[in-house]
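Each of the next two complexes has chain A plus one more chain, namely chain B in the first and chain C in the second.
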Partner chain A sequence: MSDQPQADEPIKFRRKGFKFLGLGLQEYIKYFFGGNASLAIIVLVLICTFLLKEGIAFFPDYNKELREYRQTGQEFVDYADRQIDAHTRINSDANIAYYAELNQSSKFEDDILSAYRSVGSFVRSATSSETDQLKRYTERIEDLEDNLAKLAEAPATDEIDGRAQIQQLAVELDDYQQRSEKLKGEILTHFRLHLANESIWENVRPGIHLSKESKELVLTAVLHKQPGVKEEYPEIKQLMADSSAKKKVATESLAEFKSTITALSKAVRPMKSFVRDLKDIASENAREAKKFSTAELRYDALLKGSEKAATESDKQRFIEQAGAVDRTKPNFEEITKPLIAKTDEHNKLSVELQKEIARLVPLLPKNPATESARENLQKVQGNAANFPNIAEESREEMMDWNFDKKNSVFHALGAFFFGKHWISNSSWRDFYGILPLFTGSLLIALIALAVAVPFSLAAAIYVNQLASRREQNFIKPAIEFIGAIPSVVLGFFGILVLGTALRNVSQIEALSWIPGFPMAERLTILNAGLLLAFMAVPTIFTLAEDALNNVPQALSENSFAMGASKLQTILRVVFPASISGIIAAVLLGFGRIVGETMVVLLVAGNKIKIPDFTEGIGVVTQPAHTMTGIIAQELGEVDKGSLHWGALFMVGLVLFFMSLVINFSAQRILKKLQKF
Partner chain B sequence: MMKKIVMTTALLAGLSVSAFAEDKIIIKGSDTLGAKMVPQQAEAYKEAGNEVGFEIAAEGSSSAFTNLLSGSADIGMSSRNIKDSENESFTAKGKEIVETTAGYDMIGVIVNSANSVESLTLEQVEGIFTGDITDWSEVGGQAGPISAYTRNTSSGTYKSFQEMAMGKRDYGSDTQKMAGNEQIAAEVAKNANGIGYVGLAYVKKDGITPVKVDDIELKPENAKDYPIARSLFFYTIKGELSEAAQKFLTWATTDEKAAAVVERVGFIPLKK
Partner chain C sequence: MNDTMSATEHQDYSTAPQATTSNPPEIEHEVVIEIDDVNFSYDKKKDVLQDITLDLRKNEVTAFIGPSGCGKSTLLRCMNRMNDLIPNAGLTKGEIRILGTDIHAPEVDVIELRKHVGMVFQKYNPFPKSIYENVAYGLRIQGIKNKAILDEAVETSLISAGLWEEVKDRLDASGLGLSGGQQQRLCIARTIAVQPKIILMDEPCSALDPLSTATIEDLITKLKHDFTIAIVTHNMQQATRVSDKTAFFYLGELIEFSDTTKLFTNPSVKATEDYISGRFG
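Let's turn to the complex of A and B:
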């Protein structure tokens, strides 16, 4: 009786329960959760240190690499190479202009022929499985016919048996012939079906417009050239002949143009072979340097190997090989001397090349007939006028060049953060400049934001302020469901559906005024941006809707009391009140987009080049590469601990810091919200 | 007496190990070889009456060497030669690597089927992929900016093509790096101005046509003359190959049935 607790006595069961090492169950549960939270933080710190450790070593290494680029004379040779590049541009544009003029003469015929080829190849590939089947039948038929012929010729040893065999083969042959005929009929039907479809013309090169008669001709000719038919349709044959005849006439009339561009391309030859020799020397130097930088490793490896070798003779061999490893440092001054010695010769060639360009470029036609030729010749004139400057610049740089010029510590930093070239796995020299990847990532993210923000904000405002409860219950989960779609699925959608659709739309004549249209590529910044916008919508929508929800009811009630309409209240009161939350939502959406990998890897087109901004807004129709994409694409095969490995980790670090800054600022902005 | 016992035990241990290993041959490495060729060879090998199991993993040429080094593979497959740095890691463990040619692969330069260009010189191919040539009209086609699609830098083919077709020059910055043969073929098929390169096994896809290079058609018969052809390799470690694996390796490189498989999947067997 006495053990009955009194009502006012404090409950003691906590102290009586499970105890281990002086701690009760409650404490253990508390520490379990606390432990999990701190584990997350520890892992985060570990990831940071890991990234830093792998990444930071990159800069000294890269500095060394860039120094080696100088010491081996490769830098010197690249200066010498610059004039060749400049000449290549001039030459290439002049060539394009020439062929534009030449092809103009037979444009009518070539357009029809091109359309004929496009439509034909589409129809043939659409029916390829049947065609293959038909081919097998035909082969079989030929076999059977051969056998029959042989049997008929050779006097059968047993007449009855021979006849039975012939009969059997004949039956089989008949069967195959019937099947083959039937299949031919089917193929013809399929051809007709495809050709009747107006969308067949989507396969034709953009910019080709055919008259109704020409289209008819194309259709008839494609239908004529069914599988098995070798001869071209007569009118197509005629067109081919006409085209080459017209080209022949045009070639004669453009003979002067042709001889000028031939002379122009010949002008660079002495320079080219000269620089090729320089390159050979520098490559040899680079090999020496590489050998030296890895000699120590090889030596160690061989010694280590000798300890583990199975037999005494193997051991001896390893030690011998180790002794043979050349560990002397190459004398860079000595090995770059042959390069510097050629500076004068290079100057001489350069002056000659300049003279030739100055002599030949004015000989190019002044008034070409086609727009394309005019544009390209203008480019030629501009580049040719600039050529002496480039030559002078490269000359000065070559004169200034010294194999031993020191780079500051910041050289590698600058070369990484502002480098315009990302060249890995090169046979000449690797460069790791993040700028092309950074601009690619940023451009894609900006497009995605530009599309996603208005949509998700409008949706958030509608759902939060205007929608009925039933609508809310439908729209919110539907939008949030988008987040559940795996990004690789979206990537495939981008390749197979969106890319093709975008390009087809861009080729509509009426839309050609839009900058960047018609698009040449399917995999572009625009395509990736649109898909990422789709992925960012749930993030931005949910957070923005929360922000709107957090605006106190009193504010809008006050607004109504003052006589404001619903719309006025939303735009003037609720929206401004939640602006910090909305900005945070947009920032977090941005973070989501920048970090996305799969979609950009599949859809962005992976061109490692800073997009050409001279196209204005049309820049979005170009392909680009991204920071996340390059890591996913290149980390797989790279040697652990190599310079390339370090470079990829640095890219990872940059991404990491971007996300960190974005998240941090989003949180700071969100804190402002708590004022209400 | 003691010596005898030790010897016998060692022999027995050796025998039991090799008997154990006979159950399974582990082959790892290149995707080019491991996707079709080696698995089909393994099937054919079993059909020919050899009772042995196979474990084949195709994760890229580099994985051949990491797995051989750690002892988790008997045979490594590679579409490129071993790198110096990789060779050194074997040396450091006192191991020596043995290279066996498995067959040859030709890399086809493909264009869209609607393209009128049928032949390119090797110099033109170099110009196109290095970015010197930017328009189809420069190589005799209809005017249009060239879109060049390449493999990405981690692919063995990326490097092979650079060495064989581009005079070791760097890829132009306008080239687009695709995930694999399939994607290159798909993009070229959809882009009238596209050009790319794929292994021989992929050139029959719809919408693309291989061009002649230096006037030589892309056909297995022309393997000797075609300028863009390379070897495929098996790698093993000297002295560590189990009897069963050695037997398979010999079969795969000499038997006619193995050669037939090589041919069927679009490569060129050793004898040709």
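Let's turn to the complex of A and C:
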């Protein structure tokens, strides 16, 4: 205590140490951390603003586009076109029914022949390089034989020389013949190798199931028809003859059916050519409109160029060119008049078409032999009955149509959020409706959730409540490891392994009662959903396991003391007690699924169409496109600032708000559940 | 037994138990639990209970007292085999018979056993469910779905646990919203709803304030008309207030077991006297 401050010197409570610009080290550290935190928020705000700025501009642009669609009369023509669409549907269903009936009689022969052709073409294409080589040899041999024959016939001018030439050619010919024989042998070996492989049957069209004998026959026939052999294998020839004979008989017995269908497809011809004319007019109008909308821009650009021009003559030229730009607004009323003038004619054609359909459809067979024909004819009946309604609707829309009818601000909104078509780079008109993408995303996410949630919750319960320590130490890291698999690798797996496996399973005869089976496609909603489920499992599992772990041990002990079994305790006490954490886990998993891009882009099939829900649950075997997938696929190829670009940003915004809603509702649910 | 104790008397800690409870009972009650020369170990190596022999009689409250770690809670948890949940733990000698059956016999279903031997824990732990569902839990896991039966069981159990008047208007509210004492009574109601023969209480009042403690103690003395009760307690006044018999444990051994009045007024072993007079423990 010797260095106590002296009494006359006041104690100073001054800070010591580093100081810069009035701030101490502690403050700098504090601001460094704070700065990092706020940086994240700034970036988030920037992203939101950017998305909004790019996205919102889409609606006025789209409104303009839709207005142009109306002004040019394209909308009018599409209304007229609707009846043709409806007719096409009826016609194609009837056709499918007809061919199902026709092919029924010779199904046995056709199946074998089809398998024979697929297997044969696979084997031939697999050995095509050798076959080509063989062809070259054969040509060469023919050439040599020709030359030899010519030399033999030609009067020998110089005997010795001629003989030497003949000898030389003969040696060459012999060599080629030997080579050719050897190659033939090699090709045959390759044929045998390929044919011995069981996987060769994967080339056969799905739905064809051959007996053992038939398969033998196909293999022998393919082996028989090696390169150079023109004749078909006798039994195949017989099958072909049988098939065509049976078809002939069937064609005769189905002659009435056929003529009805022909009449049905002819019925629409006048309407078709009529609408084609309308389309030509409207397309011309659309070109006019496009020209007008770009003319302003060109004019401005040329004037600007003239200001910057180096020489006086250049400047003059620019101004001249600008003056030449046709900036007159097309008179939409005038150019759509020819369309409207034809309304009456269209109505007349429509009435005739309706009459024809009403006359012809009852003539179709009532009791077809095959299931497929029955189903399709039923569809035909239903669509035909509905046809007058469609015709009436289309007529009314055409009557109401007016080139100048104003679109409200919400028109573009509705057309985007409820539009059934996403069509870009079309020669007719682009449409940006999110519905096909939204339904695709939603279906895939629902499948993924439906699979992932029970799977991961059951796994979490097992690991947390039932597994031994050793099992825990194995299962937990294994499941968490799934999260480390890059999604593009999973997509790979989905295309090559899961897709093929699913399709093969779906072709098992005994499973054909499952809706949607057999599947025609490998890349489907189901496939993508299953893979996404796999990706979501680690997220849901880990969080759910944590939630279960947080349930106090005492709670389960209480339950045991009441005489509850292990299972009862888990289901009635532990699980409900951790429900809030589990819901959070599921919602986070859902977020992961909705936002996933790579897997769906690779595996979902990328078909931009609202899936056909008439199949019921079988809808999942169709391909679809998704919101994330379309952005990844198309954003690289669009012009910056174009309508398409804006549409993609809007899709991004929708995704963004979906995530927001999911998170928000998750929190609401949690709050509600925390009551208990 | 005619018990006339009231809640007001509980607060008078100096008052000795009344004559009616202190007199040796005229009728010897039927033995419900026989603990016969039991050793128990948590790790199959060191016995934490040694040579315990003890009878618990019907409609009596038996208090287990002793310093921490003396094995009284362990013995309690042996009686409904809660120790089964701990790997490697188990009896190493002797047997426990409840109503004449050896509870460790292979044909005994531990779930059935626990239905007859209920337990109330030190830390009240209502399930995160409504009050109604908490009480109905035991019946529901037995598969009873009939609403009328459940309603009646819930009401009688809550009345027995002295909680009915306080919660009858909010049976659908969460059990976790009650006060501590109420939650413990809810746990007691939950236990008695399944009509066990025996209720084991592991320091039921140690986490409660004196008023709630008094309520629970009052409840225990009422419940013994219908149930056989074993209670572990650190509070010696509590033992004198609620129990008929008291067992004093020390270092895993049963030192003394006799009528509560006798044990507290005239202990026959020196260690007991030292403990109850507060010289250690």
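Here is the rule we use: the second predicted complex is superposed on the first by the 517 of 676 C-alpha atoms of A that agree within 3 Å, B and C clash if a C-alpha of one lies under 4 Å from a C-alpha of the other, contacts with A are read in each partner's own complex, and residues count from 1 in each chain.
The definition used in the following text is that a residue touches a chain if its C-beta (ideal position, glycine included) is under 8 Å from a C-beta of that chain, and two chains touch if they have at least 3 such contacts.
Small disclaimer: the values here were computed from a predicted structure and weren't measured.
Colleague: Which partner does A:Leu602 contact after superposing on A: first (chain B), second (chain C), both, neither?
Modeller: A:Leu602 sits against chain B, while chain C stays out of touch.
Colleague: Let me test your reading of the model: by the given contact rule, A:Ala369 touches which partner, first (chain B), second (chain C), both or neither?
Modeller: After superposition on chain A, A:Ala369 lies in contact with neither partner.
Colleague: For the three-chain arrangement built by superposition, which of chain B and chain C touches the greater number of chain A residues?
Modeller: Counting contacted residues of chain A, the larger count belongs to B.
Colleague: Between chain B and chain C, whom does A:Gln568 touch in the aligned arrangement: first, second, both, or neither?
Modeller: After superposition on chain A, A:Gln568 lies in contact with chain C alone.
Colleague: Mind working out whether A:Phe560 is in touch with chain B, chain C, both or neither, as first, second, both or neither?
Modeller: A:Phe560: touches chain C, not chain B.
Colleague: Quick check on the superposed pair: does A:Ala577 touch chain B, chain C, both, or neither? Answer first, second, both or neither.
Modeller: In the superposition, A:Ala577 touches chain C alone.
Colleague: In the superposed arrangement, which partner chain does A:Cys48 touch: chain B (first), chain C (second), both, or neither?
Modeller: neither
Colleague: Applying the document's definition of touch, where does A:Pro552 land relative to chain B and chain C: first, second, both, or neither?
Modeller: second
Colleague: Taking the complex as given, what residues does chain A use to touch chain C?
Modeller: Chain A reaches chain C through residues 552, 554-555, 557-565, 568, 572-573, 576-577, 675-676.
Colleague: Show which residues of chain A lie in contact with chain B when the two form their complex.
Modeller: It is residues 88, 92, 95-96, 99-100, 103, 110, 113-114, 117-118, 121-122, 124-126, 128, 203, 205, 294, 297-298, 300-302, 304-310, 314, 318, 372, 421, 423-428, 436, 495, 500, 520-523, 601-602, 605-609, 623, 625, 633-634, 636-639, 642 of chain A that touch chain B.
Colleague: Can you tell me which positions in chain B touch chain A when the two form their complex?
Modeller: 60-62, 83-85, 88-89, 91-96, 112-116, 132-135, 137-138, 140, 142-145, 147, 152-155, 158-159, 162-163, 168-170, 173-179, 183, 186-187, 189-193, 206-207, 239
Colleague: Which bits of chain C are touching chain A when the two form their complex?
Modeller: 80, 82, 85, 111-115, 118-119, 121, 123, 125, 127-130, 137-138, 140-142, 174, 176, 187, 190-191, 194
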